[in-house]
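Presented below is the structure to which this report refers.
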Amino acid sequence: MSKVRVTFNEELCKGCELCKNACPKGIIEMAGYINAMGYHPAKLVNPQECVGCGFCALMCPDLVIKIEKEEIK
Amino acid sequence: MSKVRVTFNEELCKGCELCKNACPKGIIEMAGYINAMGYHPAKLVNPQECVGCGFCALMCPDLVIKIEKEEIK
Amino acid sequence: MSKVLMKGNEVIGEAAIKAGCRYFFGYPITPQSELPEYLSRRLPEIGGVYLQAESEVAAINMVYGAAATGVRVMTSSSSPGISLKQEGISYIAGSELPCIIVNIMRGGPGLGGIQPSQSDYFQATRGGGHGDYYLIVLAPASVQEIADLVKKGFDLAEKYRNPVMILGDGMLGQMMEPVDFGVETSGDSFDKSWATTGKNGRKKSNIVNSLYLKPEELEVHNRELEKKYLEIKSKETMAESYLTKDAEIVVAAYGMTARIAKSAVDMAREEGIRAGVFRPITLWPYPEKELNAATVSAKGVLTVEMSLGQMVEDVKLSLNGRLPVEFYGRVGGMVPTARAIFEEIKRMSEKFGGVK
Amino acid sequence: MSKVLMKGNEVIGEAAIKAGCRYFFGYPITPQSELPEYLSRRLPEIGGVYLQAESEVAAINMVYGAAATGVRVMTSSSSPGISLKQEGISYIAGSELPCIIVNIMRGGPGLGGIQPSQSDYFQATRGGGHGDYYLIVLAPASVQEIADLVKKGFDLAEKYRNPVMILGDGMLGQMMEPVDFGVETSGDSFDKSWATTGKNGRKKSNIVNSLYLKPEELEVHNRELEKKYLEIKSKETMAESYLTKDAEIVVAAYGMTARIAKSAVDMAREEGIRAGVFRPITLWPYPEKELNAATVSAKGVLTVEMSLGQMVEDVKLSLNGRLPVEFYGRVGGMVPTARAIFEEIKRMSEKFGGVK
Amino acid sequence: MAVVFDRPKSLTDAKFHYCPGCHHGIIHRLVAEVLDELGLQDRTVGIAPVGCAVFAYDYFDVDCIEAAHGRAPAVATGVKRTRPDTIVFSYQGDGDLASIGMAEIVHAAARSENITVIFVNNAIYGMTGGQMAPTTLIGQKTTTSPLGRKSELTGYPIKVCELLATLPGATYLARTSVHDPKNVRQTKEAIKKAFQLQVEGKGFSLVEVLSACPTNWHMKPVQALDFIKNDMMNYFPLGQFKSPEEAK
Amino acid sequence: MAVVFDRPKSLTDAKFHYCPGCHHGIIHRLVAEVLDELGLQDRTVGIAPVGCAVFAYDYFDVDCIEAAHGRAPAVATGVKRTRPDTIVFSYQGDGDLASIGMAEIVHAAARSENITVIFVNNAIYGMTGGQMAPTTLIGQKTTTSPLGRKSELTGYPIKVCELLATLPGATYLARTSVHDPKNVRQTKEAIKKAFQLQVEGKGFSLVEVLSACPTNWHMKPVQALDFIKNDMMNYFPLGQFKSPEEAK
Amino acid sequence: MLKQIMIAGFGGQGIMSMGQLMVYSGMIEGKEVAWIPSYGPEMRGGTANCSVSISDDPISSPHVTEPDILIAMNNPSLDKFEMSVKNGGVIFINSSLIDRKIKRKDVKVYYISANDKATELGDVRVANMVMLGALLKIDKLVKIDSIMESLKKVLSKSKHHLLPLNAQALEIGAREIGNN
Amino acid sequence: MLKQIMIAGFGGQGIMSMGQLMVYSGMIEGKEVAWIPSYGPEMRGGTANCSVSISDDPISSPHVTEPDILIAMNNPSLDKFEMSVKNGGVIFINSSLIDRKIKRKDVKVYYISANDKATELGDVRVANMVMLGALLKIDKLVKIDSIMESLKKVLSKSKHHLLPLNAQALEIGAREIGNN
């Protein structure tokens, strides 16, 4: 398994839960707090379980999610 | 053969020749004179040869032609 | 009848129903959508037809067809949509069909904005469409007056066989005030023998048309329209005058702006400035006589509009140089404040007025 | 360059080409079809594009798109078709794009007729579309002037980034007169850095738009437009005065009607009546100063139009009550005769004039 | 002697203004015959188009409304929705229906308005002097395609029946021709079926009739028949594209 | 670490104004990714519609023109005909394209304008507050069909791809959805193909994307995915309705 | 001096081109000219007329309502325009198609059997040139040479073999004046 | 006498219905009333405000630019409207969401922790009623009874079980005044 980093730009998140719904590993949850727009932002709860499928990013309408992978030489 | 009468209301005729073209017996010709609109009207040259198919009337765009038939009792 | 509290846009719909209108063809656009939405609920309940057309162009032509059958019919839109209807409106006027067209104006030109505006005055009163024709243009200033003018509008439309426009702005459309709809009416008393409803035994067929290829015939038709317009001009003007009797400065304004102007005049009066408001209710025909009557003691007229200055031309034409006419306007959805108008009144009173 | 004999409609096309216009989008309608037909032959010859749109609505929006890319582009229609373009025209004005829109007017309202008329004056000068905007409206009175004004029109359009309308009637469009096209030009000298042609390395993207949802922003935009309109008003009026210096009766007329009025004035002069003609060439901005200058010795102004009376309002607004203004009009495709105008002049001269 | 063929009752006595050999006259007659035969004259409202048939209101002896260019289906909708008992038909040319009026015809069909459309496809703008229409054939010369229509510039002719057939709301769609007696008869049958369906409240019906414009085709009327048969029918196949049995 | 997913270059930094869970955002991103991948950003002109995507010009970092409601294909035509080297796309909702803009889209396709249309079908008018669209499903409640759309009154939803497929000028027509990652990927492929064809000068291409409007559907965003999958896709089948291989 | 001519007849009688030739010639001669057509509403058939203005000075109104000269090619045209001709004006009548005489006494009238003469020349379509020949005999509005030069420019090369026929027709028309 | 009130906050805070209840009540009491909403351009979220006019005499302008009373439900609303309040006017502040104090000295200010109180009552959505209760304690614009009567009419039958909760909220709001 390649190493991935999934980061959420919380200030853009509208809490729609489409990423959470798409995540095959069920590791995205909504935060208890709200951001400046008044939404509960999504966040990764168990980053180490992430398989790097990118489904969350594909489904996010608001470009909240950035994915980085370790380069395989 | 049933008896038919085909009459042309010459003043409505625009000399388009569609009736002449449609007549299977070739008995419609254009008159040498012109009507009030300046057209050479169509007329029947050999009425007795008419088979009463009504093609001329079907094709006439200007309702020039009237067809009557002897009633068969 | 007791009063109910309703939004202006919805009142247009209910008033139309109360006036016997059962047919509405429209297309959604802000800030008038409450009206079609209201009628989409209400009309089916009472056996009427609400139909959302594919466009404003289609909507106005559906209205044309419906009006041709002699029924009371209405359409509604806001500025860009009204522009699209101009050809159809010209046809309706040319064919002398009655109907009501509602324009709840928003800021323009182009896509503009969705906030209140009065910048379609020229279009409404000068024929945005082609050819010599006029709409009867009614400009209510309160929710109650909407109800009254919609009813009156249907009657005028049928009396003169002429399209009537209800011209308002988004603020008026969305405002809630109490309204009393009065008694229900219908257009049954008007002659509809011209309507195209199938011959039904009639000898001659009825034809609704505005085509006259021979110029001599078209001129006759145009002259008949002209006669009608002159009659409407002489008989159907409506206006309200507020404290104008002794006013040195008269504010001319219509619709919501006129109400704000009243507040401004109240402020002025408190400071001892003799100001008043002249509010045309019919924008076409323009109440020229009434304006002149309301300005007998005036030293100057201030026209206030939510536009760069449109009705001000009618004010000038009506006064024909008799009085100085100045203009104050806000645009783009900005609403003039009573205070700003008051400042203008004060300025003009200092410029033209006598001693306070 | 030597003169050629051509029809007015075709001259519009050729003059546009001579001014560097290579793009035309239109839809057939009498009495202007010679223009698109001419361009459908000519434009492909010189690498231009003639495209028949599916409707006038589509045509004006194609013009909007083409104008956005910074090219010289033209469309043309007649009255009902121009009504359909009103939304698009308002967008073009609101987005500040240059282009030429030709209206060869016919009788209205509705389907009306196909003979000459001047009954779209209000629509052209008062914004038939929604919102506060103005077109620059040019009214040629001869085939040569068509050629000159089409060229000038493109320059004005680009100088002010504002749509220009060429307003004529079917008689002018179908008339043949000799014409000299002069030297070829193009719009290359005008700034086009705003055009949407792809960023091509530009840092900021260009946006052509008329939407400003925040009223504060829309008001700023409207005020900028207002400033531009005021500048055009102060700089770009054009008019011709014919024998007005000592005229007691001045006939105000535009386009073909003005030429007929000249013949009428010639008749009047023969009978010793001091008459003249004031012919506005720009209908918007209206040559107010020029009209006042042309009427210094006048006792009355007679406005003549092929309409029920539209430009007469601008005459009145310009004179502001200084002189009596009367109106004579023919409608529906009927053309006023020189003799009839002469009779009116005579009548007015007897009513208002001094001794002959 | 009994009259077996004469002017139908649903036509007035007015002389057609159409050019010699123009098929509008034939199609007018067929519509009128159908109205007669179905006994509909007294409750019919016709919608005249902007096009050569602009004076249709002078010819059909039924109540008529002159529509703006392309908007006949919207006008018809206004009539039918307010007077459901009337029989409403629009009569439209190809410029009117397939160019400027495309949105209105598609939506009338989509809504399944219970109206009948007589669509006269002569592949050109007749009234205005022979400009290109959306139905003009590739290569065909018109006043605005002086070198012949080129697909690179203006695409391909629109097949209206095929287009509308994609809409469940379109109940009956047929393309016919009147270039010979047999086809005239079939056209009449199609028109009759269309009106019959309206009477039964079955929804939107349209009959597209291929039709000659000898004047603007620059052909003798008889020659124009061949153009229909050989050129038009080649691109615009005749037939029934939708019938109530399969609709919806 | 290498960035494998991030904001595409052809989008500006502006925050979308769309509602939570609205698919406009996904579709914007896909278009921008395709422009990036094909290297078209610098020569692209986008046409924004009147609809929720009215501010598209703030989001796409390309030259943009705001079109009047429904007229984007005409505006695009004006651009492409005068600047054939630009890449022109319009981005339109279903009210914009299938209702008021029906004539313009049909004729742009008929002419085979060399443009790309991104057609966002959310079965409703979003911007104006949830009125019925020509694509609204039977039974679907909207503010102007408060009891659910009834076919007797308003007919049947229009299938745009199927309708345009009857036009030889339409080169590429596909319907996709973005309700799950797989379909998001397929949508992107379709959009890429559409732009690629335009680059090659192959003519008119359109991608219809089934899209959620949670706000006006009165659903949670996740629930809206199911509505697409179960209801919309049932009436609007996904697929390729025209491809350049078979076109013309 | 300004001269205004009204030419009227059936569509197809060469009304429009007759007028166009006159203004073309006038332009060649450096005169001010204008030509305005007017059609009936019919696509085919119906009446047609055009008005021609030729002048040494700029033309005020090219809209002709009181012509100096009327060329009437058929009956309805004569009926329509007879009374409009200026006091002292001239009317040219195509007597091949117009059977009646002029009632007015204040105008000069010429009866030219244009169709017959043209038919004699072998082509009825040059009846218009016969009329034009007659007109130019009476009023030297423009030179015959200019007309021939204009014809050369207006006719496509392939039609240049018709030039002699047209010249003949003009001449015959001029000669017909002698018979009046 | 004319009283004008501006109510402003987030969409979803019940701003619009608070104003509507007031004018409804005023109407019941036979007063002249008007209500004007104003939304931001967003479909979802964003700010919302409405203005209310209640008067014994016909209302000239219902367009409120200088309110007698301001109810500010959140920070941006206070920023936007604070300065517009008439000299001598009253400002009600939802101190649950607004952290700052008023700078102006010429107005009377009440701080009501509406959200907190509503949450205590078990439903944050009645925060608007808490504010209304406070307002009506200070200014007897309309009667509490009228508000309750209006509520009964405005709420659908199925929601009538919420009436006591709303009554409680009004009362708590009134009581909060004492703590100011």
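When the chains are written out, they are named A, B, C, D, E, F, G and H in that same order, and each has its own residue count from 1.
Going forward, a residue touches a chain if its C-beta (ideal position, glycine included) is under 8 Å from a C-beta of that chain, and two chains touch if they have at least 3 such contacts.
Note that the structure is predicted; figures quoted are calculated from it, not measured.
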For subunit B and subunit C, chains touching each: E
Which of C-H and A-F has more C-beta contact pairs: A-F
Gap in Å, rounded to a whole number, between the CA centres of subunit E and subunit D: 38
Whole-Å gap between the CA centroids of subunit B and subunit E: 26
Whole-Å gap between the CA centroids of subunit B and subunit F: 59
Shared interface positions of subunit H, touching two or more other chains: 41
For subunit C, residues that touch 2 or more chains besides their own: 51, 54-55, 57, 80, 87, 91, 95, 110-111, 114, 209-211, 213-214
Subunit F: positions in contact with at least two other chains: 19-20, 54, 66, 68, 99-100, 102-103, 106-107, 127, 129, 134, 154
Subunit E partner contacts - residues on subunit D that touch it in the complex: 27-30, 33, 36-37, 40-41, 44, 50-52, 54-56, 80, 110-111
Touch list for subunit F against partner subunit D, complex: 41-45, 47-48, 54-55, 57, 60-68, 71, 74-79, 81-83, 85-87, 103-104, 106-107
Subunit E partner contacts - residues on subunit F that touch it in the complex: 99-103, 106-107, 109-113, 134, 151, 154-156, 158-159, 162-163, 165-169, 248
In the complex with subunit E, residue positions of subunit C that touch it: 22-23, 25, 49, 51, 53-55, 57-59, 61-69, 71, 73, 87-88, 91, 95, 196-201, 205-211
Contact set on subunit F toward subunit C in their complex: 50, 54, 66, 68-70, 95, 99-100, 102, 125, 127-129, 131-132, 134, 143-147, 153-154
